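This is the structure, below, for whatever I ask next.
Chains: A, B, C and D, in written order; residue numbering restarts at 1 for each.
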Amino acid sequence: MMLKDLRIAVLEANLELVKRGLVLYTFGNASGIDRERGLVVIKPSGVDYDELRPEHMVVTDLDGKIVDGDLRPSSDLDTHTLLYREFRSIGAVVHTHSEYATSFAQAGMAIPALGTTHADYFYGAVPVTEPLSDEACAGQYVHETGVAIVKRFREQGIDPMAVPGVLVAGHAPFCWGKNPDDAAHNAVVLEAVARMAYRTLTLKATSEGVSQALLDRHYFRKHGAKATYGQR
Amino acid sequence: MMLKDLRIAVLEANLELVKRGLVLYTFGNASGIDRERGLVVIKPSGVDYDELRPEHMVVTDLDGKIVDGDLRPSSDLDTHTLLYREFRSIGAVVHTHSEYATSFAQAGMAIPALGTTHADYFYGAVPVTEPLSDEACAGQYVHETGVAIVKRFREQGIDPMAVPGVLVAGHAPFCWGKNPDDAAHNAVVLEAVARMAYRTLTLKATSEGVSQALLDRHYFRKHGAKATYGQR
Amino acid sequence: MMLKDLRIAVLEANLELVKRGLVLYTFGNASGIDRERGLVVIKPSGVDYDELRPEHMVVTDLDGKIVDGDLRPSSDLDTHTLLYREFRSIGAVVHTHSEYATSFAQAGMAIPALGTTHADYFYGAVPVTEPLSDEACAGQYVHETGVAIVKRFREQGIDPMAVPGVLVAGHAPFCWGKNPDDAAHNAVVLEAVARMAYRTLTLKATSEGVSQALLDRHYFRKHGAKATYGQR
Amino acid sequence: MMLKDLRIAVLEANLELVKRGLVLYTFGNASGIDRERGLVVIKPSGVDYDELRPEHMVVTDLDGKIVDGDLRPSSDLDTHTLLYREFRSIGAVVHTHSEYATSFAQAGMAIPALGTTHADYFYGAVPVTEPLSDEACAGQYVHETGVAIVKRFREQGIDPMAVPGVLVAGHAPFCWGKNPDDAAHNAVVLEAVARMAYRTLTLKATSEGVSQALLDRHYFRKHGAKATYGQR
């Protein structure tokens, strides 16, 4: 079986989303990339999570052409492949309709950095894309979703590894990471951060974000050469 | 036993509502119809879900006359039968008092199409009926509930298969589908959509719905001749 | 063992509160009364629910004097006994700090009858007491809590069997019923109703209650001589 | 093994946080102190809760110098040790990012004493610190977090055993108690109290706290020489 370890990692990332309550029925999808071979492994479309096996994962090239697999890939494939092409440092992509992050996406609101839980994972606000134009919706819609994501990061000069997630306006979040486990972890934390941001903003609509100094302190405690968190 | 497969399907739809946390105690009810024979299979009234067996399901004709069964049918039977008579394309009806959908019903507010989760299932806002008149409450109340539902769909020219659910003002949602499994699935997704709409609207009271183009894109990705989602 | 069946029923009502997520740690208490003998059976104070056995229940007379039992009774005993003395038709009392009902109590707001879930159980708003005076807090506080409850029902001419629950301002709900199972059931439904009322009011602060006609229709469908719900 | 019983108690306090849903992944940490020996036992940093064993706990002196243990201690160690040095009556410290308490911290809002659930555990509002200055964030940040906590208690003349918890602005709560079990219990109740305060304030933004008389009544029912709650 091609890319056996990556298939298992992608499957486990998908199951982590179920375990953490981020997906309902067959919603959501995770993928991973083998950068050396230029191959993407992604969840098939509309298959029950209970029945998912590593061999069900679909393998495509970076243009989304199926290389291995009998099932139809996730309908969001073209967003995943575009992100892999444009964000060269990422190794996995996760998409969910998790309740609170999706609610911010539906409101067209970025999630501001309101506390250190956020700062531990996202170095600044989690941005929201512009709404897709009618042409984009009617055209290469899934591809255009990726275009809107990349546009937002480029415009605002955001490093996708420092802010490993985005809200697609009127849709839901996409997250990523260095591997499938990391991307799923970021998606779970994004939902937790969105829950807290929702509570904070409904308590006090004018909440400002934390200071840059606090953002720096927490983000760089967990990330980069001087990270001190954990056992490594 | 008459209509054995339909009894099992109706029982399973009822149990799906319990499993997904949509019902408390004996709240809620699901039914299904055998269109060829013109017979409706419905949950009995006030029986614990733990004890429900296929043989407890009550069989009635399209006017609600009991054809088979020792137990009293769901007290909402007359709404179910009216929906079957008026909406000829539906094969099952589900009624719950699920928390968030019911809260919109209590507020007398339709659930606007605020995102693609909604658009994947409901082609436009999930409408709310007018409040029932005092005469309707004091008269053939359960029947009148169905009348109010049908009136709302006719007035607004909504296709019940494109928007497979409604909120009854001051009461709670009814959903439907092509079979009991599909109707229960729609009820579960309606609750998820209502949760997200609640969060979106409490974050930002002025949220507008998604564009018609996005609504079209998502709805027709999952429905109709050109659907591409899933493995079929 | 005195009053064996009532001890078991009271224990089971206490455990139902745990099962339904209404209590944390040792919060909450349920009691029942044997009207013929004038004896009350109540949960002991501060014992873990996991360890509760029928023989731990404390038996008192209607003035709260301990008749049987080695443990100290619930610290809310004097409220229970006062309710039994004043509301002669009730057979059991349940007190919880369930999240949403308690939040209404803390806000000093009655729960209006916003929908049929409410109307199925409570024939009108669930009232809130006045805040206790400083003298009442410093005096026979637990007794005064009961006094405030009874005062509210008498002033507003509410039948305690038609509205089997109340919110004590700044504190939490008390519910009752014809027996411990019924009182616990009412406490669980009150919390569900409070959840929906919270959502409804935060969606739309000006929500009015349902019409008297709808309230009548639902309440009397489940209660009184003409009730049609369920199998009895 | 040094301090075996305290290691077990600290481990169990950490696991109680998981069981009650207060922590996600490796978030959160609990510690305990042996006052006679002047030694602190604290959770290691970034180890999965599933894998935590008593021997993984790290032992330090009151200045945070590691005395026993192969793993790196919790990154919040310096806050714990400062609290032990300044609040001489406390025996354990717990830190979580529990959702609702953290949301108040992010909003920079103290949790007012809105009801008796609060009054049973916290004798007055749970205070929030000032935001940390940029210098504090960039300097001895974890130590400065403790400084901000102690400053708030000293300024407002609050007894840390009467209000066994605090919100660090833009961060999250710290709680404490006479031993690890007690500190974890306080953290769990703080989250429940924060949930109710959130609901109360979003229902009615102008809610005032309970009266001093009610606060006295409930707090001293559970605390101090005249406590009457429970079996001791």
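For the reader, a short list of remarks on this structure follows.
Here is the rule we go by: contacts are C-beta pairs under 8 Å (C-beta built on N, C-alpha and C of every residue); 3 or more make two chains touch, one makes a residue touch a chain.
Not measured: the values here are computed from a predicted model.
One rotation lays the C-alpha atoms of subunit C on subunit D, and its angle is 90 degrees to the nearest 5. We define each chain's centre as the mean of its Cα atoms; on that basis subunit B and subunit C are separated by 33 Å.
Between the CA-based centres of subunit A and subunit C the separation comes to 46 Å, rounded to the whole angstrom. Counting partners per residue, subunit C has 202 as the residues that reach two or more other chains.
Chain contacts here close into one cycle, and each chain has exactly two touching partners. Residue ranges of subunit B in contact with subunit C, taken from their complex: 24-27, 44-47, 71-72, 75, 97, 99-100, 102-109, 131-135, 137-138, 141, 170-172, 198, 201-202.
By the touch rule above, subunit C contacts subunit B in their complex via residues 114-117, 185, 188-189, 192, 195-197, 199-200, 202-204, 207, 210-214, 216-217, 221, 228-231.
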